[in-house]
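Some structures are shown below for you to check.
Same chain, two partners: subunit A is paired with subunit B first, then with subunit C.
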Partner chain A sequence: MAVIVKTFASASEAAGALSSDRGARYLGGGTLVMRALNEGDVSVSTVVRASDQALTRIDASGPRVLLGAGVTFARILAERDLAFLHAPARSIGGPAVRNMGTVGGNLFAPTPYGDFTVALLALEATVAVQGGFGSRDIPIEEFLQARDRQAGTLVLSVSCTRPASSEAFRYRKIARIKPKGGSVITIAAHLPISGGRIAGARIAFGSMAPTQIRARAAERALEGRSLDVGTIAAAASAAGEGTSPADNALGSAWYRREIVGVHLRRLLSGQE
Partner chain B sequence: MPKIPVQFRHNGRDVAIFVDGGTNLLVALRELIGDMTPKFGCGQGGCGTCSVLIDGELHLSCLTLAETVAGRSIETLDGMKQGPNLHPLQRAFADHFAAQCGYCTPGMLMAAKALLDRNPAPSRAEIVEAISGNICRCTGYEPIINAILAAAGGRASA
Partner chain C sequence: MLELRKDIFADERDDNLKEIGKGTQRQDMLGHVTGTSSYFNDHQLQGMLHLKVVRSTEAHARLRLIDTTEAERSAGVRRIIRGSDVPRNLNTLLSLINFGKDDEPSLAVDKVRYKGEPIVAIVADSEREAFEAIAKVKVDYEPLPAVFDVEDALKPGAPVVNETYPRNTFTYHETYDHQKLRFGDADAALATADHVLEQRYQMSPIEHAPTETNGAIAAPDTNGRYVVYTSTQALFFSVDTCAKILDVPSNTFHFIGGTVGGGFGGKVDTLTEPLAILGAMLTGRPVRYVFGREEEMQYGPPRGAERIYVKDGVMRDGRVVARKIRAYFDSGAYTRLSSYAAVKCAAHLPGPYTIPNVYGDVYCVFTNRTPATAMRGFGVTAMDFAIECQMDKLANLVGMDPMEFRILNAYRDGDMKAHRREAKNTALIECVQVAAEKAKWPIRDEFRRASSRKDGGGSRAVIPPTPTDSHARPPAPAQQRTSYDRLPPTVTREPPRDPPPPAPPPSPRPAAPSHGATRFSSVFGTRRR
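After this line comes the complex of A and B, so read on.
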């Protein structure tokens, strides 16, 4: 079925078109919206695009990193200043998907996808969105909780603070097919260390709930402690608390609950 | 609904077509240009057999909105052979039995070309990564990896 394609020069015009039409979807890299069209998704009647250069901007020079919503994973991998995001970017798709898929689209990718968003959640990113009535910044956790209602808003960019060291940010995607495959579980951990103790532990999971979630019980087990065997064991045993994984072809909910602590322990103790 | 005119380069030749809104590049190439080399596999971005190069970059044509390639250069397997001669990658695929049913082969060759165009001497691991978005259900991948290694001048084990 043919759809109407509307292309705008500015993101704000595109946001206006998006918010005024229930059947409109924003087309970024195409890996979600074109997939829906190919599948015959009749809920999409209008495709909105924007050629705004601001959407593909990367600002990685300072301590605060900004990624335009239209930045592809291939571009992140080509950016030396974004080394801390290379592991999550590399874990997505094959080369073609990384050439197409975008940071903004990943925020909407349903389980078992959306791995990059897991990293952004652990980094407490901010999502800049433009609705019909202007732009605003939303903490990523709040954005994800209301994701089903975000269809009428256009994501402009995401930003986060660069981790203090490469040790402070860790990422692990468990997949059945290597190097490419949907996520069984995805884990990101941001563990800033202050005076030998963890201050501001943030653990995020993918595929452990309908959207990416923070593992608050594991964070509590880590907070204020040094990252030793005992602390890691306590975090691992708390990993499943508050999660609600689902069964899918890649793994059952039971299996995910069984292994999430194992993989969190391996990630925290620096094992392969 | 009016058709949308799209002009682009297809294997070095300028082409102009009229597409319906929402038409993907794969359908445009196959049904409007008559280039049957990119294949329809999953329509979901999971199999890679529709892979083409857009301005030298590997893309999935089934997930590309046709009108977004206006003014750009598209390469498909149809443009790979050099006159009457096969491209070295095609020759290597034949020599190493890298095609069995052949359905994945157009995408595999485009993914391999995208790799060799920017990295003429890839390692085995880099080849595995480069074709990781392309599924083959026949060969078990080893003959394909060996063919790409051979085309790149590396020593293939089979």
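After this line comes the complex of A and C, so read on.
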């Protein structure tokens, strides 16, 4: 049976097509779906696309930043107002992948991919999805926990609050091949400082669990403290708590658990 | 600009040649940079079908049942090919030069020996339909104990990977389980050396990662012939391999190759052509069989992994007096070209150095891993890595500069090599001197004045007394190692439906003219010239 490609003018029509067909998969930039099709994934029988302009919208003028699901990493890198997201966008693939890969697709990228989502998780982004019964906003963490069950919904956009300063948001991807290898570990940290103390620490890891996860133990070690050597050491030693990394060709679970604290310490202490 | 040291290589080149040393445009460059080069996959033939294979999900398992009934009914399926459809479903690449035994089926019959081994081929109207049919093939595996480590594979009681070689080692000259090099008495020299350094070096398999994956398109031609567009990097080798597997004269095929989208040794194994042609024979239609990227990376043959133990004896003055090497080449589940790699490796020992006592044992070992193949200097590169790491460590051990240490130990014209051939046209000393000069690495005058042409031969040309190995050949491990192998060892089990003809394949080589002298070849053994 041939694969059917359906293109819709509006996101809601595309969402309807997705929710009514178990074999339907939404095609963003194609870096995941086309690979699956080329490698013989027969679970995809319908490819759904949408030409809706709203999906490629960027609103970066205010304190709340909105990215349409179809926004590519290349476009993020071209946007001066999105400087805080340049590091995660640049860490994804080569230029060809960044030209095609989208913010929405990245939410579904399995380990060792999905680096941009790690940044969004640390920024506590909100994911706007459209299902068969209308659209709704979901906190990104909740979205990721139920990711496997999101097949029938279409992501419309993600939004997050702009970090107060460039110091407040940090990102680090550990890869074997630089700059575009798959992730051994990806770390993003959002550390708002209030009165010299961290208030609302958010640490997110990629490749440390089946999906991107928050490092709650490390967050607790940071919360309400100043970012000094002792605090960083405490966060680093708590980094592995609650994680469940897996073995893959890039690194073993053991190796990931061993190095996650080292890289978190380097990220928090500003080391290259 | 290429510089040729005429003072060293006086006889090496005719100065009247007009090409070498000059910038010359490659003949295929214009096509490549303008995107007009034609690759095998650029041929879209009318009515072309697509072939995909069902691959083993197990590293080592008996095939209890292969059920294709549902797949046969799947939309667009034109033909399902099983091992029993392959005319000669057992081959080894170097059988074309009478080296090695046929050990690898095109499609697995009663057993799979590595994860990803092809079991059934499906020819369908589209790739998609072939993939859908693959999902409907049911294979009932009876998992067998697997072995993934070269030394574990040699232990008594290890699972037998490939029944053609029940001891998990390639058989050289129908007798030996490894390549052996003996020159002088390495054990005695190690016992009296000032320092002994033993190290273990473990290499990894390396994927060739060609931009163009392995593939072929075969189409029926007039007069019962087949035209084959292929990515092969060894066109005539592939023609003969296909002729053997499909049991037809090689002039049945018109192979068209030429532009290879990255080879490096990864496109000599002729993995896609036989099944593509067989598909065309069975359907009367053009058939295309191309590896996906994952197939290429996961199941395309890599450079084999080697494990190398080097034990060196060195004197305080820096002379290496003994080098003892054990190396294990991981061939994966089948031979392909690793047997030859081990021969090359043994021939390379002990590297470009004059060492009076050399001992080498090089094994080609079968494991339940993806079969390894040729890649850029295979057999030598890994050993060189080990030897040169070792040279740096030895230099450090005796407190010598590593460049000077190499010059001191380098072979020179007239020296006796461990293979009992005189060293000629040696130039390691000069290479090290130039490297030191270019790197502005200071070396002392006496080493700057050293020459490959001076101070060689003499006592260095002597073949030292060499004790023969006292111990007998290790006995063959018991045949009954797994439940699956509890059959009389004389029974040929692979493949049961289609046993290979007992006679060796007709050699494409004409009988060598006899010149009356015997010559030893490490591949063919002792032969009359």
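One rule holds in what follows: the second predicted complex is superposed on the first by the 271 of 272 C-alpha atoms of A that agree within 3 Å, B and C clash if a C-alpha of one lies under 4 Å from a C-alpha of the other, contacts with A are read in each partner's own complex, and residues count from 1 in each chain.
What we mean here is this: a residue touches a chain if its C-beta (ideal position, glycine included) is under 8 Å from a C-beta of that chain, and two chains touch if they have at least 3 such contacts.
Values in this document were obtained by computation on a predicted structure and should not be read as measured data.
Colleague: Where does A:N38 make contact in the superposed view: on subunit B (first), on subunit C (second), on both, or on neither?
Modeller: So A:N38 meets both subunit B and subunit C here.
Colleague: Just subunit B (first), just subunit C (second), both, or neither: which does A:A122 touch?
Modeller: neither
Colleague: By the touch definition at the top of the document, which applies to A:P95: first (subunit B), second (subunit C), both, or neither?
Modeller: first
Colleague: Under the stated touch criterion, which partner chain does A:P179 make contact with: subunit B (first), subunit C (second), both, or neither?
Modeller: First partner only.
Colleague: I'd like to know which partner A:I58 touches here: subunit B for first, subunit C for second, both or neither.
Modeller: After superposition on chain A, A:I58 lies in contact with neither partner.
Colleague: Between subunit C and subunit B, which one touches more residues of subunit A when both complexes sit on the common chain A?
Modeller: Looking at subunit A, the partner in contact with more of its residues is B.
Colleague: Who does A:A2 touch here: subunit B (first), subunit C (second), both, or neither?
Modeller: A:A2 contacts both subunit B and subunit C.
Colleague: Contacts for A:A236 in the overlay, against subunit B (first) and subunit C (second): which applies, first, second, both or neither?
Modeller: In the superposed model, A:A236 contacts neither subunit B nor subunit C.
Colleague: Under the contact rule defined above, give the subunit A residues that sit at the interface with subunit B and also at the interface with subunit C.
Modeller: In subunit A, positions 1-3, 38-39 sit in both the subunit B and subunit C interfaces.
Colleague: Please output the residues of subunit C touching subunit A within their complex, sorted ascending.
Modeller: 52, 75, 126-129, 131-132, 134-135, 292-294
Colleague: Note which residues of subunit A are touching subunit C in the complex, please.
Modeller: 1-3, 38-42
Colleague: Which part of subunit B faces subunit A closely enough to touch in the complex?
Modeller: Those residues of subunit B that touch subunit A are 1, 4, 20-24, 43-45, 48, 51, 57-60, 62-65, 67-68, 111, 114-115, 128-134.
Colleague: Inside the complex, what are the residues of subunit A that reach subunit B?
Modeller: Its residues touching subunit B are 1-5, 27, 29-31, 34-35, 37-39, 47, 49, 74, 93-97, 99-100, 179-180.
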